[in-house]
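One structure is given here, and the rest of the page talks about it.
Each chain gets a letter, A, B, C, D and E, in the order it is written, and its residues are counted from 1.
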């Protein structure tokens, strides 16, 4: 077994990992097919890959609930990206404030913790009464889902900034107002990016909840609809599409991380 | 405005923050009372604090859906704690493997990302099929909610371990198998604890979803029941109780963090 | 399997697992009065609460419950491909009456006027089915109306804001909407016109075959509950109120909105019928299946006989053979 | 506003304790503007602690500190610091690290000043590298360049040349001395080398003991001379200082074992 | 298994490039077991890079490395390392840092060895402190103690005494020399001090240039003598080495500007 504690950041994915992954995907598909064929669970729960493929073709051409798969996906992606954008921005700002200003820490720290434990299913109707049934409540919910991981990661990262960096910056003339941007933020960047990666994942898991409110078109609404009618092949199609698009976004974030933080493990 | 980039870890909460917080809670309560009194929104959406208080007394003595508030809460807490326990353990193990073993990173990295984007509402029924309707599916769902933040944070933290620590440990005779436990884990501890804090929050937000199936007793099940019959005061009571218990757990985790990682910002 | 354990009497299981929902009908009276526990002393009764018929279907497939409560929509799906859940309908808990209705803004006075309006309903529910039935009756296509999918609490919020012009929804949200809206049509009226929706009991076929005695006892308790609701409304309301955390008055009001059927009525030709002559309810399910097919929610409409076989008329007849 | 006639540094009765254990002081030290004070003392006697207090990184447990007449309330750009460990910002290139304190300068002037400092510290070719790509000595030189860049009135240097080879070190000594002579900056310079202390300081201060207190404080005219190492006074002061430090360290560490 | 008769270190045609730019080599260096090799050279010439290669922290871009006859494939407990920056484990106390490499020892023996090493490095009272509570010099001494603890056959030390005051430094020099004489450990010792190199080394190697290559490699018998500093050979070797380093640094940094 080979251990490597650090991948060379300049080396991309070489041929071997790509083949490994392709192989793994094939193995997974084969296992799925096998499970579906021997019928451990009835096909409503584990449909055959071919059935899911058929739904892919059908929803892409004929559509589902009046919209094609691409339309469902794009609408949801827009919601996720907008929600995450606001959530991440707010999370970084809040995290910085909590990490830096003691009074804010005292007051907002517990409030953020309180809010981030609340189940969205319980307060969704409040969002509806405040923001209606169009895009706003969904984006707000996604914002509320993605903000906390970023805020917590940022606040903790601020505590982790080496005091010498802060002292050095102040000695070099950085004002109280500049320090958060010129020192704290870049120094906390690795942990913040980790927080963003977690946040995007959480936003994804929330998209179905968000789309319980007038959620069609929307991939979450589609999944929910299909689930209520036990159309498992559509559900699995939706899940796979959600997962793949999430994978792509995460890959971009990881690439960004490697670009922005080449000093990880060497600083 | 006072800035402080680092709180003295040995100083507990002094009198002033405690007063500040008490004051803030009072202000929030007053604002709530005001909003309820002027009826911006009807009482079904914003009940008066007094109504919630009455429900607190009633559910604590007479009970709700056949169980007292304490019973609901304890059952849910047990689920959350068990789910988080498994999730955190699994997350750390997975994160270490992903961070350390390139083959695992290649194979499991994308898989974990894929899984963590999946909406629990979409795969809950699969959990029911596999694990029935008792405690197992709920704990599995909470596990699946709390594992990813820890896994991502751990894997990223492993990348952030200074290479000199790894080299020093190996030169001092630590074997390949010891390094993860004697160096990587302690060095990554701050970020892992951040991950755990996020994970517990995410598990909390998932408890209502987990308790949609056979969720009574359970605070999430209680909230859902009350929602169904428009008993907003009980919903809000449940939300507040959930939030407060989450606050307590988070406080414990933060204390643990300060104890275990006194070198934060000075290492 | 849960058969053959020591304490259980012949024909009764050691454990009877019931999936219930919070609907003010006889099932909650039985649960509240612990009649099953008393009537089946050798059997452990396990009550599990569900939030939707879809979850009940799932639990049925996984074999986690023996008897469950689900709306006619999910049961139709359960009996159709691809689900083909091996369960039967031994009892109709209630026919949905005034507890589900289409409430609209006061200025809308007839179904035709719904064209171009925004109407909310929880998708896949009995209300959704009923709403589409109303539109069909009025000669409106689905695309003529903007139908949005909202959960009941969200419907109330959206109504409050004025985002929707109407909603097909159930109590207690229905009552809230009625305060400043007008009821256009209720499910009771629709039922009268053949678009019947109901809350049904489903029992695993395997369980019914293995433990006929237990099923008989269960059916008799349901009948007893219906009779109690008719003879001693206050006691029934109190029992339901306890289960729903409602005042007896409110529980009584909600109970009154439902149409409960006793054993004799259940065996009538309009409902489950007899083994010799399955009731018209099977046709009702069949037409619901056709509707689902038009919605692309089931792969194919099963034969009418599938639904007729889905009615546990034999068990029902056996349970009340003497009466 | 700093009072023009005030002392550069005024340390009065300052002590500093960690976990209730006193590590430094009481120390009294007044440094006149334009002085080049070298500070020597055994390892762990509190030199860095004292420098940190003057820089404003921590508050004294007791006593008061003033710089240019103003009480020290926190770090300030008038007091430049070279840390004992280089502590470059890892997210910035070497050039950007050096430019960190030059925000107020227009872009061209900034670039010019950075180039000049990189040249001065022998890093002309390393400007684009990241700190983790530098050797230990290069890192320390970059840290010196960063601290010099904004031309602080007071320079606090904590063993700035410790990681430099003999020749580079001499070169840097001469550079810093030339700079000091040219600009009139006040310098407080911690070093382990008695030679260095004598060669550079207009005043040599020795700290010793536990908690550390000042055990020697002597003025010297050597740095003003053209070739101080050749001056007979050099060897004499060097000798004396060596004796003090040796005595101090011996008290602290016990006699040599072998 | 290490071959008993093999050389302690065999570096053959080794180079190391960063981003395609060669920073070191080609270097050939054979160190016999029991030697005390001191390595001097201007800042940035590749001394730490070479040490890292021998330690197994990185692979050479070209050439081959052996230690005790075995190819170097990674870090190994037979090769102890003192880093240029102390790099103590911040999550462990000083004593636990020193004990890190003593896992295989029984508890009592371990405690005894730690106490002995803390005593040796003058940290007897600092055992319970955390690394961030130490002064720079104390940290460096703790790192030395940690590397010495498991008694490695080869000791790679990168400017281990740079942060120590003159007296503590002399003391540590004598300790290390005594240890080396007693145990027959092979030592490869990077230093910036020509004095130190001559005083300690049985062999003095000078690295210079960019990329760094060996420009001087000379054996000396001084460390075996009782008072080497008094030996006439000391001044002579010192003189010569100074000249080499000066020349090397001059090439690198250009002539002194002032």
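In this section, a residue touches a chain if its C-beta (ideal position, glycine included) is under 8 Å from a C-beta of that chain, and two chains touch if they have at least 3 such contacts.
It should be emphasised that the depicted structure is a prediction, and the values quoted were computed from it without experimental measurement.
Peer 1: Out of curiosity, which chains are bumping into both chain A and chain D?
Peer 2: Common neighbours, chain A/chain D: none found.
Peer 1: Return the chains common to the contact lists of chain B and chain D.
Peer 2: Chains that touch both chain B and chain D, as defined above, are A, E.
Peer 1: Could you work out how many touching-chain steps separate chain C from chain D at minimum?
Peer 2: 2
Peer 1: Looking at contacts between chains, which pair has the highest count of C-beta pairs?
Peer 2: A-B
Peer 1: Express in whole angstrom the distance between the two chain centres, defined as the mean CA positions of chain B and chain C.
Peer 2: Averaging C-alpha atoms per chain gives centres 37 Å apart.
Peer 1: What whole-Å value do you get for the distance between chain D and chain E if each is reduced to the mean of its CA atoms?
Peer 2: Roughly 27 Å separates the two chain centres.
Peer 1: How far is the middle of chain B from the middle of chain E, if each middle is the mean of its Cα atoms, in Å?
Peer 2: That gives a centre separation of 49 Å.
Peer 1: Which residues belonging to chain D are in contact with no fewer than two other chains?
Peer 2: Residues 85.
Peer 1: Can you tell me which residues of chain C touch two or more of the remaining chains?
Peer 2: 54, 58, 61, 153, 156-157, 160
Peer 1: Which chain A residues touch at least two other chains?
Peer 2: If we look for residues of chain A contacting two or more partner chains, we find 45, 125-126, 129, 162-163, 227, 266-267.
Peer 1: Could you please write down every pair of chains that are in touch?
Peer 2: Pairs flagged as touching, ordered by label: A-B, A-C, A-D, B-C, B-E, D-E.
Peer 1: Please name which positions on chain C make contact with chain B in the complex.
Peer 2: For this pair, the touching residues of chain C are 19, 22, 48-51, 54-55, 58-59, 61-62, 64-65, 152-153, 156-157, 160, 172-173, 176, 243-246.
Peer 1: Going by the contact rule at the top, pick out the chain D residues touching chain E in the complex.
Peer 2: Residues in contact with chain E: 18, 40-44, 46-49, 84-85, 120, 122, 133-138, 141, 158-159, 162-169, 171, 174-175, 178, 192-194, 242, 245-246, 248-250, 252-253, 256-258.
Peer 1: Across the complex, what residues on chain B touch chain E?
Peer 2: Answer in residue numbers: 162-165, 167-174, 178, 182-183, 186-187, 189, 261-263, 266-267.
Peer 1: Quick check: in the complex, which residue numbers of chain B touch chain C?
Peer 2: 41-42, 44-45, 64-65, 125, 128-130, 132-133, 212-216, 221, 224-231, 234
Peer 1: Inside the complex, what are the residues of chain A that reach chain B?
Peer 2: 1-7, 17, 20-21, 24, 41, 45, 99-103, 105-107, 110-111, 113-123, 125-126, 129, 145, 148-149, 152-153, 156-163, 166, 176, 179, 184, 190-191, 193-195, 197-198, 201-202, 204-209, 220, 223-224, 227, 235, 238-239, 242-247, 250, 257, 264-267
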